[in-house]
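The structures considered in this document are given below.
Below, chain A partners chain B and then partners chain C, in two separate complexes.
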Partner chain A sequence: MNKKPEDIKVIIATDCGSTTTKAILIQYDEEKGEYRQTHRGEAPTTVEAPFEDVTKGVLNSVQELAELSGRELLDEDNRIIKERTENRGADIYISTSSAGGGLQMMVAGVVRSMTAESAERAALGAGAIVMDVIASNDHRLPHEQIERIRQLRPDMILLSGGIDGGTLSHVVELAELISAADPKPRLGIGYKLPIIYAGNKDARENVSGTLEEKVDLVIVDNLRPVLERENLGPARDKIHDMFMEHVMQQAPGYKTLMSWTDAPIMPTPGAVGAIIERVAKLNDIEVVGVDIGGATTDVFSVFKDPEDEKPVFNRTVSANLGMSYSISNVLAEASLPNISRWIPFPIDERKLRNQIKNKMIRPTTIPQTLESLVIEQAIAREALRLAFIQHKAFATTLKGVQKQRTIADAFDQSGTEGTIVNMMNLNLLVGSGGVLSHAPRRNQSAMMMMDAFRPEGITRLAVDSIFMMPHLGVLSEVHSQAATEVFLKDCLIFLGTCVAPVGQIKQGKDVMKYSINFPTGTEEGMLKQGEMKLFKLGVGEEAEAVFEPQGKADLGEGKGSKVETIVHGGVVGIILDGRGRPLMTVPDDKDARIEQMLGWLENLGVYNMEELRALGKA
Partner chain B sequence: MAHAYTPGLKVSSKIRLQKRRILPLKGEVTVKVGDMVESETVVARTELPGKVTPVNAANILGVPATDLMNYVLKKEGEMLKKGESYALAKSFFGLFKTTLRAPDECMLESVSNITGKILLRSKPLPVEVKAYIEGKIIEVIPREGVVVESWAAFAQGIFGIGGETNGILKMVCNAPDEPLTPEKISAEDAGHVLVGGSIVTAAALKKAIEHNVKAIVVGGFDDQDLRNFLGYDLGVAITGSEDKGITLMVTEGFGPIPMAYRTFELMQKHQGQKACVNGATQIRAGVIRPEVVIPMRESELSEELHVEAGSLKPGTPIRIIREPYFGMLGKVTELPSALLKLESETKARVLKVQFDSNNEIATVPRANVEILET
Partner chain C sequence: MCKTIRLLLGLVAGVVLCSLSAVCAMEPAVISMDYSVTPRILKSKPVAKVDDVSSDGIIAVKITWDPLDAEILPYIENILIYRSAISDDDFKLIGTLKAESTEYIDASDTEARIDPAAGPVRSNWVYYYKIGVLTREGFIFLFSAEDYIIPQPVWFDIEKIAPFIATLIFFILVIGFIQVARRRGADLYVRPIAGMNEIDNAIGRATEMGRPILYVLGLGSPEDIATIASYTILARVAKKTAEFRTDLIVPCNEPIVMTIAQETVRNAYLEAGHPDAYSDDMVFFVTSMQFAYVAAVNGLMLRERTATNCYFGKFYAESLLLSETGNIAGSIQVAGTDEVAQLPFFVTTCDYTLIGEELYAASAYLGRDPLLLGALKAQDYAKAITMVLIYLATIALSVNIAGITIFVKGLIDYL
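Let's turn to the complex of A and B:
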């Protein structure tokens, strides 16, 4: 890009998601002397037939931008106009991409129940979908295994096998098998298929010799160096990095798109991560951000290292959790009862299952009815919850220092010891992605984030107004002033503050005494276990508050210790969440569960309650 | 969103198809360019070396390993029939004999006078690739496979289960909205590709498998039944290798949904002809759809159907692909430009549609319709 930053007045930015391509127009307001986001257009991403070209969706979204803004942005040859005049063209065009969708892997190991299983765990831990496990003893003949690799077209293969100093021949045979299959990237463009070798270190040379020419081979530490110990960290991290760098952003037509942009295309999580890190740094706070897309859910966090107080940034991409292509996997991972618990009306299981699958096969549809919306938001809660569990397991203080698992805890998937994520220290929780940014009511976004992330103590909540964090992330690389101005004025919408005492108190007992000095007067009272309350406090407004947790309840200063603080308002307000942490259990009785859920939703103004209750009677 | 979604499913009365048929391992191509092939014609084959079975021969025969060679009746590399003896030792002046016989047809691979073992190698395992569709060989990829070309009627589905198969096409439902129930299937349907209407029930699918039906092509299928059928919840739509004794192609989606009339009509037209079906599906960037191919031997040149998608105009025939009007067909009557608040309170660009079934007019988001190719 040759233009000087001061000459850039009109910017087009797109984000090519797996499902939707979003375009925004940023213009410099000469009178006010600032950059603002002025218009937004979107179109289905065109990675499927009959187009199979991501640029078509880009042009459709820019065309919508042109129609809405009245500015001519495409020329007669359907190219983005890069020479600006008063009502025509833009100075620069930039883009991010996650159009390639989720990560679908194959793993291979010598013994199905040993190294192959460890490899499978490493891939699952990295947020991949494991399509098949190839093992020397899986009772399939070599040609069947080769056929399977060809048929499945994995995005990546993790090859393991042998403890250090163990079998060579079996590992090399597996490498030969992969070599014979000659796997090609699914989209067949410009890069070789990534293969990670994490097996017997003595076989590295032989594996390299067999595979180097055909694939993009990366060697990491053995994921099972001795029989009794797993070391999944290095393989897991490498899967993650390779996915971000090589697979996610690729899509049919990607090469053409690259030739259009004025800055290198960034993978969407890279761009959103850059913005989240910036927010944390600017305000010296601890932040969690999430971007929930169609194929992946990306979580970002900045927490201070307890030892030296230095901020540590972590990013995870759960390539198996999302709201369209991966929606069915959310159902498979979370299970139906976990999704149903967030739906405040009875629903036929068959119908619910069919709705979820139909969203998977027709990913660009939107909920027209309240019932569809509530179901989609219930699924989103579970996708977010699972993605955050994965993030906590990943987020350690130092990149590269990983916990080594012994055979005894190799089966424990829930352990998050050693995580740097401390929800009590969290200052700000930011949500982005279609289901959070485009929720018809912001209260819905707040509720989804609270249910999924379960913030503890006092936490501010915010959302990306119309889903533009990826665009601003890439813009910050080329024009940081424009990116910062638009981020602060148009992107970040503060929802308010969540006040959630930690502790498990008996239902109906006192949890926290509160006194909040709102501009309209003081609100005082007692929050009971299981209650949720909402008080209006607008954007930019603050209120002095005194919270007195009761008994074993803790708001960050210790059990039963008083907290005096300033709370910040937002489009939703101040939410007192008395459901306890860990979150109180859902009643087994369906009617009791629905009644409880309806109570929370009503208190927080999440849906049109009349219509919601009518759904229960229908 | 001004642009309508279309899954781009191709349904064509005549199309020129090419299929690459490649061996998993290098081998021999058995046909040449210009050859006409049937679905079952083997176009390429290779052999996997058979399994090696070590026999502790010296021990069994009761002879020293160093002398083993003297008791072996066959030469290394010689083929053995099942039960044929390949080693013999006599003791007590020939009164007792110990004979080693081939457990199966195999080759005597080697005899070791150090370990005293004889290695038997089973017959090589043939690996074959069939043509899958009837047609003409237009390219040979030496030692790997071929490209088969055929003129065919062709329909893609939205989702499928199971791999390649073929059979005679048979309509078992009279209308696209008629469900395929067990009583519509009988023993006579063995080897057929059955075409149903709106949904195949779990019981009908079970009966079809019992009667050796090759494939079912139908409008919809219940996800609950899919879960029971597969034995697990399908996380992502990547299928094709399920070995369930049948191939299933769903043309419209999950739940009871009438099969698109054009697809139904095409199947009806070709009833009694051979159809090749593949359920393999991958819904992700680089999509793969299930398909029915009905090869035609004599080609009258005809234009391949050109899919025009993404342009909505008054009069455009559409199908609604989300609740509350899921599966209904109609025509666009109006395309208001302003965003409209839906029942869900979502603001979206909408269109007005007049339904074919009852002439009623409804408002739906543009994102929730697909254009019916004409």
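Let's turn to the complex of A and C:
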């Protein structure tokens, strides 16, 4: 792409998903001096038979975009017009892809919690699905590891291990395992499987000697040159390159699509991660993003490393937590009592199980009744909660790092197992995926996110309006300003701000005194333990607020310390969550639990309460 | 006038002397009389009681009497204890006590007696006791005990009821927690010990760096508890090095320690499924001399560039010399010792330090064996109970509830 960013005024971006190709049109508003997403079109993806050409779906979606916008985007040869005039063409075209299952990788490293984990982080950060992690200490025998590599048939393997100048034998052993497995790629016949080696530089020669003849070996800088530091950039970039050069080349129609785009095609999750990472860095905030799909749930986060205050990006894919194909697994992992605790009416266990299994075998159905909706949202809460637990376990500080101690540390010797996810520092929580983005009421999305993620302190909540984060992620590589402007103005629908004091206080006792200066007047009062309150404050509106946590309650400034801040409104408003953190326990008694749930839901206007209460009576 | 007074006093003394002989059957003759103190001593006549307080293996008689009036104490030199066996009517002096004393225990294991002819108290003999009040002028007033006594051997020393209860509590705790550990398995919560958690990471670090791990068992003898605890940790470390296929170096200061360590490491490699990877050269004897040993181990650290150093066992002056060299060499170091004096050195130079009893707890923590876990939990609870008892004892002492104080002190002493 040769265009300067200031010359880019009209942008077409597509995301080729497994079932749908979504196109968006972004245009520069000369009057307001800002980029806005103006139109959206979509069409079925055509990567599989009978079409077997991804470009057809792309063109169909762009055609819809052209019809809706009234702008001519395709020429007579059915190609995207790249020369912009008044009402014709676009400056650039970019795309992401997750069609055909996305980028499926395997990673290998010497120690599971060190180089293998770094390799996994690099692959996940690049947008891949990590099918398995092979490590010297994974308690599998060599023949089992070889069998596994053969079975999985990944698109690519990332091999790491050893610091620079470190172990040779372990790395060479891993290379020999891969060589013995002689893995074949998932797509395409007659081309060699790409393998990226990002390990001990002293082992390069040995690894080349072992693998060069059997695979397409690429060597990049060590992703863990010393144990104290990760260097994921080169490996991540090379994964993108190899994705383009090898994997995409084999998928039907992608060679043509690649020739159309003005920036390399990115894997969809990688693009989502890219925009979240960029927004966090630009605004110096800590962000969690979640995309709950039918089969998997992706969690992205940017938190500052407690050691050096540098922002660290992490992505996890919970492969078995989703709302349709994986819904039964959510039930298995979360257990029935954990799901039913979120349902505010008595429900027969058999009925609940049937609904879950029906959703699994009919994955494209959506709830038609309030009862189904409530059940689906209860399952979503648990899927999100479990995915976030997995994310927290993965997003940790580096292990095996030397510590410097003083005598003051005698009774406070923390290990290196700690997660860097500190919910009290979280500024923005973004939800995406059908169940969150398309909930009938935005209040439902807010409630689901609060129940699942349990934000602490003061946190803004938002949902992705039409799942355009992938488009903006790839756009951020080309035009950062346009990407962030559209992200904040069109992509995100701000729900409001959640104010949740931390601490466990007796039910009914004072938790927090509040005073909020709304444009309509000041609201003052006392939040009690177990209480939830909602105040309306519109999108783009702000209010000065003073919160005084009582007793042991903490809002981020220490127990009982006052917090003066500005809270941001949204389509839901300002939510005061007095349920405590960790979240207060739900009563064992069914009637008491239902009564408590109904109280919360009513205060927050989550459902139509008359209908909901009628369900209980029925 | 003076003559009259003397006559009257002599008369009173004569009457007192006669009545005293009749009532108290005072045996040794009174050497001389102090007319001013005598009536008051007689008035506060201490009534002596004898009790059999024999316990397992020890025959003992406890003689108690009422305290003398405070106002006559300044005139009293000592309290004397006399004993007579039925077969021997001759009372022999067996103890001399302060005037304020109110009890004396005549036990078979008491070695020194004033009159050597008295001999130790025996079971099933009939004994009579007398207490004598010796005035500063040298007069002795003798008072017989109320009754004779035949001490009998018993199975239980009632005075040790507090340790008995403490033992019972501890026993119940141990059995109870072992049962809980068996039921709940590895889920039984034990406070995480950062140093133990980090051992795997430290071994992982050595593996990634391609360098060996050094394990030092300290200078303790094989029977030291710290050395025994160290074997358990060595077994764990060796198992992990076998799994990671990382080199292990164990230099020893004691030939017997070396032999046990060799066996421990061999078993660990066998358990990990890599007996072929074990070599006797991993565990070797260096020297029994403290500083020669330090010089040798420091040399090893610098030559082999060990990535991880573990110090578990008994350490003395060499602790800082070893760990500081390791720190300078850039190794991750994990230490644990029950030598309190060495702990500050380890804390400042090592990445992780197991403090005191954490070293013993480590074996239970690592092994997750229900027996060890149960015992560990029981010990923790016993400590918690001791802490509560210390508070109770403090309160009892403050408000002077003697009975509670003695009982609680007994429990604490035992626990």
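We take it that the second predicted complex is superposed on the first by the 316 of 618 C-alpha atoms of A that agree within 3 Å, B and C clash if a C-alpha of one lies under 4 Å from a C-alpha of the other, contacts with A are read in each partner's own complex, and residues count from 1 in each chain.
Keep in mind that, in the parts below, a residue touches a chain if its C-beta (ideal position, glycine included) is under 8 Å from a C-beta of that chain, and two chains touch if they have at least 3 such contacts.
Model, not experiment: these values are computed from the prediction.
Q: A:Y197 contacts which: chain B (first), chain C (second), both, neither?
A: Touch status of A:Y197: no partner.
Q: Quick check on the superposed pair: does A:F300 touch chain B, chain C, both, or neither? Answer first, second, both or neither.
A: Touch status of A:F300: no partner.
Q: For A:L227, using the defined touch cut-off, is the partner it touches chain B, chain C, both, or neither? Pick first, second, both or neither.
A: Only chain C is touched by A:L227; chain B is not.
Q: With both complexes superposed on chain A, which partner does A:A181 reach: first (chain B), second (chain C), both or neither?
A: After superposing on A, A:A181 lies in contact with chain B but is clear of chain C.
Q: On chain A, which partner touches more residues: chain B or chain C?
A: B
Q: Give one of first, second, both or neither to describe whether A:F494 is in contact with chain B, with chain C, with both, or with none.
A: In the superposition, A:F494 contacts neither chain B nor chain C.
Q: In the superposed arrangement, does A:L152 touch chain B (first), chain C (second), both or neither?
A: first
Q: Thinking of the overlay built on chain A, is A:A99 touched by chain B (first), by chain C (second), by both, or by neither?
A: The answer is first: A:A99 touches chain B but not chain C.
Q: Both chain B and chain C touch chain A; at which residues?
A: On chain A, no residue contacts both chain B in one structure and chain C in the other.
Q: Which positions of chain A touch chain B when the two form their complex?
A: Contacts found on chain A: 18, 20, 42-44, 47-52, 60, 63-64, 67, 99-102, 104, 129, 131, 141-144, 146-148, 150-153, 180-181, 186-188, 250-252, 295, 320, 325-326, 328-329, 331-333, 349-351, 353-358, 360-362, 364-373, 438, 440-441, 608, 611.
Q: Would you tell me which residues of chain A are touching chain C in their complex?
A: It comes out as residues 110-111, 113-115, 136-137, 139, 161-163, 165-170, 224, 227, 399-400, 402-403, 405-407, 409-411, 413-417.
Q: Which bits of chain B are touching chain A when the two form their complex?
A: 1-3, 5-8, 10, 22, 24-25, 46, 48, 125, 127, 158-159, 222-224, 226-227, 232-238, 240-241, 253-255, 280, 282-287, 289, 307, 309-310, 321-324, 326, 342-348, 364-365, 367-368, 370
Q: Contact residues on chain C for chain A in the complex?
A: 192, 194-195, 197-198, 200-202, 204-205, 207-211, 243-245, 330-332, 343-344, 347-353, 355
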